[in-house]
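In what follows, subunit A forms one complex with subunit B and a second complex with subunit C.
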Partner chain A sequence: MHSQRTMLIWMTLPALLFYLALLAVPLLSIFLLSFETEAGPGLDSYRQVFSDPYFLTIFLRTLGLSLLVTAIALVLGTGEALVLSRMSPSWQGIFLVVILGPLLISVIVRTLGWAILFGGNGPLSVAAQWLHLSDGPISLMYSMTGLIAALVHVSVPFVVISVWVSLQGINPDVERAGASLGANGFTIFRRLVLPRILPGILSASLVVFSLAATAFATPAIIGGRRLKVVATAIYDEFLSMLNWPLGAALAVVLLLVNVGLFSLFNRVLNRSRRRATTSLSRPEGQPT
Partner chain B sequence: MMRNGPLSLVFHAVFVAFTAAPLVAVMLVSFTDKGYMAMPFSGASLRWYVALIDAPHFLDAFITSLWLGAISASLSLLLSLPAALAISRYRFVGRDAISAALLSPLLIPHVVLGVAFLRFFTDFGINGTPAGLVAAHALIITPYCLRLCLSAANSIDERIEQAAVSLGAKRRQVFTRITLRLILPGIVSGWVLAFIHSFDEVTMSAFLASPSLMPLPVALYHRIEDSIDPSVAAMSSLLIVMAVMAMVVIDRVYGLSRVFTGSR
Partner chain C sequence: MTFLELNGLRKHYHSVRAVSEVSLSAERGEFISLLGPSGCGKTTTLQMIAGFVEPSSGSIWLDGQPLTTVKPQNRGLGVVFQSYALFPHMTVAENVGFGLDMRKIREPERGRRVRDVLELVQLEQHRDRLPAQLSGGQQQRVALARALVIAPPLLLLDEPLSNLDAKLRAEMQLELRRIQRSFGTTTVMVTHDQDEAMALSDRIAVMDSGRIVQLGRPQDVYERPATAFVASFLGSTNLICGQLRLSAAGMQLVVSDRVALPCPDSTGRAGETAWFSIRPEKIRLVGDGSGETGHLKGKIVMRVFCGDRWIYELDTDVGRLVLRVQNQGHPADEGRTAGLTWNLGDMISVEGGHA
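And now, the complex of A and B:
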């Protein structure tokens, strides 16, 4: 028994020590940095973050952007997962690869694609002029619409996976039983399917919101200086303004909001998952 | 089985087009013969691929990303495989806490990790060094590697190991000839997924890179920021092709949906 405990320690200790040195210590140091002022430790940076209208705009923009991206990605991704689930297995396999594949490609490449599409002489602009929707070249670069589209593109695969996995847990007989009892398609979806995939939708919404709220490369390229978000503001404070304590305070706020959301959501999620598994059919896939 | 109506199929087509559009745009533009981002329909050439070889800036960054990904994925595997075996095979106090702690980097925005490492490495004088970048990458990719190692270790049927023991195999033999072989696909996929996450990482690396040590996504980011020229598209197209090849390999070895959903 003693030897087993020694072995377990040796198996987990390297990873834990690595995390202590490279996760706990750096996060602590950024936390301390955020309280640094010229006259010793103080709350100056936080005061500025919470009172300067410049930062208030950035926070509100990030929040609005993330909410919109989450809502759009949820609707599109859930719809696509439902469509996929009704295809034959071989089509499912092909389209899952097509839809999830972009996750393996750097976000910088995908964002470059949107920058090309959105540019003044890009295909969208050419098409709009050809259709007489616009007189001159139009550009979605540095626009909220463009930024939302690009972020939805980056995040929607996560919704498709999440909902698709929870759809796998539904016994098709349940839908058939509903239909045989005279329920129409919408009722079947609302009463039988939706409750089962709700945990999947909820956990996807958390992932997407967090992804959109903390995204850096896409807002930096598509939004530019004009549409700054929290992540790009942190980058600027650190690398162009060289006001590290202020950047650190922004980072701490972003981190706390993110971790807070995750723990809050986890509680809601566990409750809805329990409800979803109480009745009907095969057991739900375990959360990953 | 419920069937898709015409409306769902139209939605599906639009969705797939939306998914593919930016990638197709990148690949088309890479074949232009113009000096700016243009579609190749009025003149195609391979000049921007030639330009990649002539100005080896991107190739250097590509090589940096390759060794950075390989070393940090290996380091992350060395850390996560033993931990995954311990967590999945034994019941012990603090087991759930350890596994939650090891997955926790997933909760931390990369921009926050970027500034934290920038500060930390600057204090220790190792910012912009390979060691710092490798360590930072190993940290963010370990959760992905751990997850696949865990799911592989969880899926082992312990009766196979018991059978080996009853046939007289020693513990070491059971481990190297049974356990390790059974989880090998999971280990390989864990390494590959970790490599890909390191290879694609841009946000955190943007804080830690130096002109002499710049991973490819950061080099692309800086080039896109100051002037979009089609060589960026050529390099990106090569990345898309590589990702497609990686996808095929992963799908053969382990099953793509298993990797993405991180289960079973």
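And now, the complex of A and C:
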């Protein structure tokens, strides 16, 4: 018994070392870096992060952007999953691939595609002018709208998958039972379906929020220098301003905010999951 | 007075005909079973009454009102699903109260009605449990309570007991009958279980290939099956086919060169092919000693003990016959040859068929 346990510990060692080397060490060095000043260790960088309204704007923009992306992706993704669950199995397969498509393309390629689409000479602008919706060329580049659209695009698949999985656990007769008891379509969704897919929606929102809050490539290309988010600001501090301690401090603050939201969310999620997963074992019937 | 009327209901999906033609009328308070094998259209018929499936043609009337185009949520019928379809995130009391909420029935009436119906199904002490914390039989009763609490004019049961084990099912049959009687709710039940149909129903509609082949009281359908299919689906039976011949002794059924069985008169004209059904419990073995030879001789190829009765399988000149005999302590041995006899009246002429 004892030797087996010892062996298990030994067996986890490679993974442990791997994490230590590739996650803990860099994190720790970033953490230490953030306290570096010209006159020995100090809180100068943090003071600057919290006092400079420039950084406050960037943090608030990142937060607002992530919240908006999460909200829009949830609505779109949940709707898509609901529609998907009503399709015949063969169409479901096709549309799942279509929905997951964005994840199969490299983030750079995908974002550059958006850049072409959004540009002043891009198809979107041309179409808008042709339809007389706009007098001159319009560009969504370096705009919040464009940034949100691009981030929503990559976030929706995560929501669809997560909600789709929780929809699979719902007995299709439940909706009919609701109808027979007098509930209309909206009430059936709100009182019978939504509570059951809520854990799926919440866990999707967690994933989407953290992806949006830490996204780099998309904000860098579509937001550019005009719409800096925390991730691009960190990049700039490190590589353009060469102020490594300030970049590190920004990274640490971003991480802490994320972890804080994460654990808060997790608590809500667990509470809702506890209720929703005490589900019925579904008897297999032979409908005639 | 007719309370529920199904008028020439049909349903086809593309080229597949699920229900070819179903017409039925039920009295107020009546318990009617739609009985048939898988794919006979019984569930589709029930779903058309519930409003989940739109009929391709035909009409449904309830208490003189047309129901055919009314949405399910406006029909106000009680439906119990085979899977129960309880709301897993709601407690027993919340499940039962759901239909009352939809009807905007407020406290204290809401609470009183939930309590009353839970008492009726004997689940009052489990009102705060979640469905997953209940046994199958309890879940079944919650489903029933949830359907009954809205005081529906019509109760629809889709294989309500098929997910329960045999002992519980027998108990629930009695329970279901008691509850249905005390509410007096007109009920249509779909089942493939003939015992369930016979135990519960005022009338049984035996369905096959999308239509009702026979409709009647359980004992009538059992004793006087109209077709070979009904005879073999409702209970087990022995089917004998032959040609009718009029002899000096009366009408005879010629099964083969060697066998001619006496059969009831007025079952058909001489020369016609006829099918007869004889229930296993109506056939008697006659011993060597009694001097009686019976209508047929047969060799016992197998006997099965069922506690209160023995089941014998005999090889005879008309084929394999099955007998069910009360256990009186002196079973006949396998391999023995015995005479078989029955009352002529127990030979039921049925419409022939594939069975």
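Basically, the second predicted complex is superposed on the first by the 274 of 288 C-alpha atoms of A that agree within 3 Å, B and C clash if a C-alpha of one lies under 4 Å from a C-alpha of the other, contacts with A are read in each partner's own complex, and residues count from 1 in each chain.
One rule holds in what follows: a residue touches a chain if its C-beta (ideal position, glycine included) is under 8 Å from a C-beta of that chain, and two chains touch if they have at least 3 such contacts.
Since we're looking at a predicted model, the values are computed, not measured.
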* Examine A:Ser240 and indicate which partner it touches, taking first as subunit B and second as subunit C; both and neither are also allowed. => neither
* Look at the residues of subunit A and decide whether subunit B or subunit C touches more of them. => B
* Scan A:Leu104 for contacts with subunit B and subunit C and give back first, second, both or neither. => first
* To do: Have a look at where A:Ala115 lands relative to subunit B and subunit C in the superposition and call it first, second, both or neither.
  => first
* With the two structures laid over each other on chain A, which partner does A:Ser180 touch: subunit B (first), subunit C (second), both, or neither? -> second
* Residues of subunit A that lie at the interface with subunit B and also at the interface with subunit C -> 285-286, 288
* **subunit B residues touching subunit A - in the complex, by the definition given at the top** => 1-4, 8-9, 11-12, 15-16, 18-26, 29, 36-39, 78-80, 82-83, 85-87, 90, 92, 98, 101-102, 104-105, 107-120, 123, 135-136, 138-139, 142, 147, 196, 199-200, 202-203, 206-207, 216-217, 220-221, 224-225, 228, 232-233, 236, 239-240, 243-244, 246-247, 251, 256-257, 260-264
* Across the complex, what residues on subunit A touch subunit B? -> 4-5, 7-8, 10-12, 14-16, 18-19, 22-23, 25-27, 29-30, 33, 76, 79-80, 82-84, 86-87, 93, 95-117, 119, 121-123, 150, 153, 156-157, 161, 164-165, 172, 175, 210, 213-214, 216-217, 220-221, 231, 234-235, 238-239, 244, 247-248, 251-252, 254-255, 258-259, 262, 285-286, 288
* Asked: Contact residues on subunit A for subunit C in the complex?
  -> 171, 173-174, 176-184, 187, 191-192, 195-196, 275-276, 278-283, 285-288
* Interfacial residue positions of subunit C with respect to subunit A in the complex -> 36-44, 50-52, 71-79, 81-89, 98-99, 102-103, 130-133, 136, 139, 146-147, 150, 158-159, 162-163, 190, 192
